[in-house]
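One chain, chain A, links the two complexes that follow: it is found with chain B in the first and with chain C in the second.
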Partner chain A sequence: MKERTIAFLSGKGGTGKTFLTVNLASAAPSAIYIDCDVEEPNGHLFFRPMWQSSDKVCVPLPEMDSALCDGCRKCANFCAFNALAWANDHLLLFEELCHGCGGCLLVCPHGALRETRREIGEKKEGTSDGVRVLSGFLNPGEATGVPIIRALLTQPDAGRSVFIDCPPGSSCMVSESIRGADYCVLVAEPTRFGAHNLRMVHELLRLYKKPYGVVLNKCLPGEDPSADFCLAHGIPVLARISFDERLGLLNSNARIAAREDEGFREKFRALLLRIEKEACDAAVGHS
Partner chain B sequence: MKIAIPVSGKNQDSAVAASFGRAAYFLIHDDATGLETILENAAMQSAGGAGIQAAQAIVDSGVQALITPQCGNNAAKVLIAAGIKLYKSQPDLSARGNIGAFRKKQLEELLDIHEGFHGR
Partner chain C sequence: MRQLVILSGKGGTGKTTVASAFIRLSQTQACADCDVDAPNLHLVNGPYSFGDSEPYYALPLAEINPARCTACGQCQLACRFDAILPGDAYRVDGHSCEGCGVCALVCPVDAIHMKPHHAGDMTLYTNGDAVFSSAELKMGSGTSGLLVSQVKKRMNAAAKENAAFSIVDGSPGIGCPVIATLSGADVTLIVAEPSLSGMSDLARIVKTARGFGTRIAVCVNKADINPEITLEIQVYCEQEGLLFAGLIPYDSLAQKAVNLGLSIADIPCPSGEAAARVYRKLLPLITQEGPLI
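Right after this comes the complex of A and B.
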């Protein structure tokens, strides 16, 4: 079995991304779990890893040398996030709006801006019963977690399968999280709202030309607009996980079902094989 | 002295806009010449930092006083750095009415700068 990078996404929160990612990583023979939902990371609550390292994540921030600045305002005009303003012959910087792109430094014709660093969060690494766990933590109020996600995903994979727990939605943080993924798994609820959010992520993955399948979670008998959507668009449904009180209880107590119960473990192993097969077929089809 | 006021329409009878950064237009009244100009607020479409962008436009237009129902802290930083004084608009008056009230010194200085909406 080849080591692959699988990303788990959904258009909204609460569909079961973390549930699925944590359980599949636990059922895999050799896994790295990466929590890219850096605004609200919660995978570590399940894994309870022994943290072995913790690194600050910083972004570049401009600092002005007023002796070199002639007030041309190219930097302020360039900034797409309005993090720079010019008033009373002074450059005003709004740190919390700066995305750290470094563009202002590039466009300054006088070298009047230099780069300093600002901490926006941290990345932690540990292990939990054989699973390598990496989690990113974005400080509250920060504009974007992309730099933390980038830091998390530059880890050497060490011959393990990589399970990426993405942020919800279809924002740039999600795009960054799936960049290196070989295959994506969309987790959706069997409701109209679920189908609407499934469509959002489906469109994102089409844009990035990523192979993907859907796991329908918390399924009940009756109508399933998400399943209908998959059928209409020819998207493979990799699994239907029934609404199950025992599973829900384990999950809400932050227990990993695949570790607690042999029956669940087998089910997640079977799903893992299905995902592996889809990813393998997609890789062959691609080459 | 130049006075600016965020407005929802393109003339001086327009209502004062509900907020500063996302207002559709700014009415700029020049006390010295009596001239009034309408400035389109490009920041209205901004993805973020609208208050800062709007404040930059107000600073660049050489205004000395801004009449507004409210102002966020980022915008206020830019305006205050440029020495622009902020006054609280009267909710029952049009843009023209507020400029009149300002000239009669009936408007109070805006002191309660809010934390900004920042995407909310």
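Right after this comes the complex of A and C.
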């Protein structure tokens, strides 16, 4: 079986991305779990890994040598993000607005700017019962975790299946997370909210031409607008997981059901095989 | 006009469910959905009629004119965001481009221009004097913080002067859209969930919100799913000096209400009654100035 990279996403938050990703990674023979939800990372709470390394993630930040600056304001005029401003005969830098593009250094005619690095978060790596766990943590108050996601996804492939736990939504953070994915799994709830956000992520994946299927989670008897959406759009439903109090309690205590209970483990194994098959078919269809 | 912002850190804890109930209970004259990545409030927000819609233009993105491009590769070297794709003529990956303009600056043959980028749409709904501001970001777009600010600005501009307070539904996480949502908030209600994940996320959103001088209150939704962690959250709030605003039980009728396009305050149900108690507890904080808590 070929090692694949599978991304789990949802649009709406709290549909069960982390639940599904940690359980499937635990049921796989050899897995890497990557938590790209760097704003609110939770996978490590389930895996409780022994951390082996921790690296700061930094972004470039300009620094001014006021002796060389003659106040021409070319840098402030160039900055598309308004991170530099000229006021009271001083160059002001708003660190949180800086994207680190380096443009100000290029336009400065006097070499008055150089670059330092600013920490925005960290990346940790460890293992948990054979699963390699990578998690990113954005420092509170920072605007974007995209550089941390990039740092997490540059890991060399160690011949294992990769399970990517994406942030919620459909913005730049999600696009960055699914860039290298071979197959995507959308986790949806059986509500109007779930169906509406499912539509948004479905459009995102069509835009990126990624093959995908849907897992319906927390299903109750009765109406299911998400299932209806899948049916209407010919999207494969990979599994339908019923709302289950025991599963809910295990999950709320950050316990991995596939590790605690052989029955759950078998179910996640079966789902994993289904996903592998879909991903394989998609790869064949694509080539 | 004062502002109540509803956030959660973790997704799916019930922000929109609580926000829509509060909007109904308060008959507020102004509300907004700032979860521009995955907006849902309009699905349950009652008798607003579709108002005017306006395109949202984010920072212009780079575009390479293939007729001019000599494939020298300088733009690719200078781009820090891996947004330039090589080829006979180079191309810009619009999803990675952050609009900094460095590529256009370094291009020796003037083949690159910055082009306005239609990144989403903003909609203003009305119901008599009441206004509801909302937006939807286009797939994979960045700069959602800027769009959030626009959504709030449109709400404030359209609201009548006598409107007492607005209710703003936020997005999950702690990043740029949340920061933009927090800006200007008088009171922030965090809807927490009783799980280890929920606890961890709660601490991170509280830390983020603290930087904004807003008063912070916490309620626990689906509280009976894990009573032990619910209790831990109450203890945490006490230790951190946050107002504990109450508990809302797990309620399968909440899902039914959503699927009928209603808020939990519209039907008789345990979660709706609990949300009303949380609302009444918060009301003095929302309507009056008071000491920072």
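Going forward, the second predicted complex is superposed on the first by the 264 of 287 C-alpha atoms of A that agree within 3 Å, B and C clash if a C-alpha of one lies under 4 Å from a C-alpha of the other, contacts with A are read in each partner's own complex, and residues count from 1 in each chain.
Criterion: contacts are C-beta pairs under 8 Å (C-beta built on N, C-alpha and C of every residue); 3 or more make two chains touch, one makes a residue touch a chain.
What you see is a predicted model; the values in this text were computed from it and never measured.
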Is A:A143 in contact with chain B, with chain C, with both, or with neither (first, second, both, neither)?
both
Using the touch definition from the top, say if A:A83 reaches chain B (first), chain C (second), both or neither.
first
Name the contact category of A:E63: first (chain B only), second (chain C only), both, or neither.
neither
Please work out whether A:F94 is in contact with chain B alone, chain C alone, both, or neither, and reply first, second, both or neither.
first
Partner chain(s) touched by A:E119 [first = chain B, second = chain C, both, neither]:
neither
Looking at A:G102, would you say it contacts chain B, chain C, both, or neither? Reply first, second, both or neither.
second
Of the two partners chain B and chain C, indicate the one touching more residues belonging to chain A.
C
Contacts for A:F193 in the overlay, against chain B (first) and chain C (second): which applies, first, second, both or neither?
second
Footprint overlap on chain A, comparing chain B with chain C:
80-81, 143
Please give the residue numbers of chain B that touch chain A in the complex, ascending.
43, 46-50, 52-53, 55-56, 59, 74, 77-79, 81-83
Spell out the residues on chain A that touch chain C in their complex, using ranges where they run on.
10-15, 18, 37, 39-40, 42, 45, 60, 78, 80-81, 99-103, 106-107, 138, 140-146, 167-175, 189-193, 196-197, 200, 203-204, 207-208, 220, 222-223, 225, 248-249, 251-254
Partner chain B, residues of chain A touching it in the complex:
76, 80-83, 85-88, 90, 92, 94, 97, 143
Contact footprint of chain A on chain C as seen in their complex
8-13, 16, 37-38, 40, 43-44, 59, 78, 80-81, 95-96, 98-102, 105-106, 136-137, 139-142, 144-145, 171-179, 193-198, 200-201, 204-205, 207-208, 211, 225-226, 229, 252, 255-256, 258-259, 261
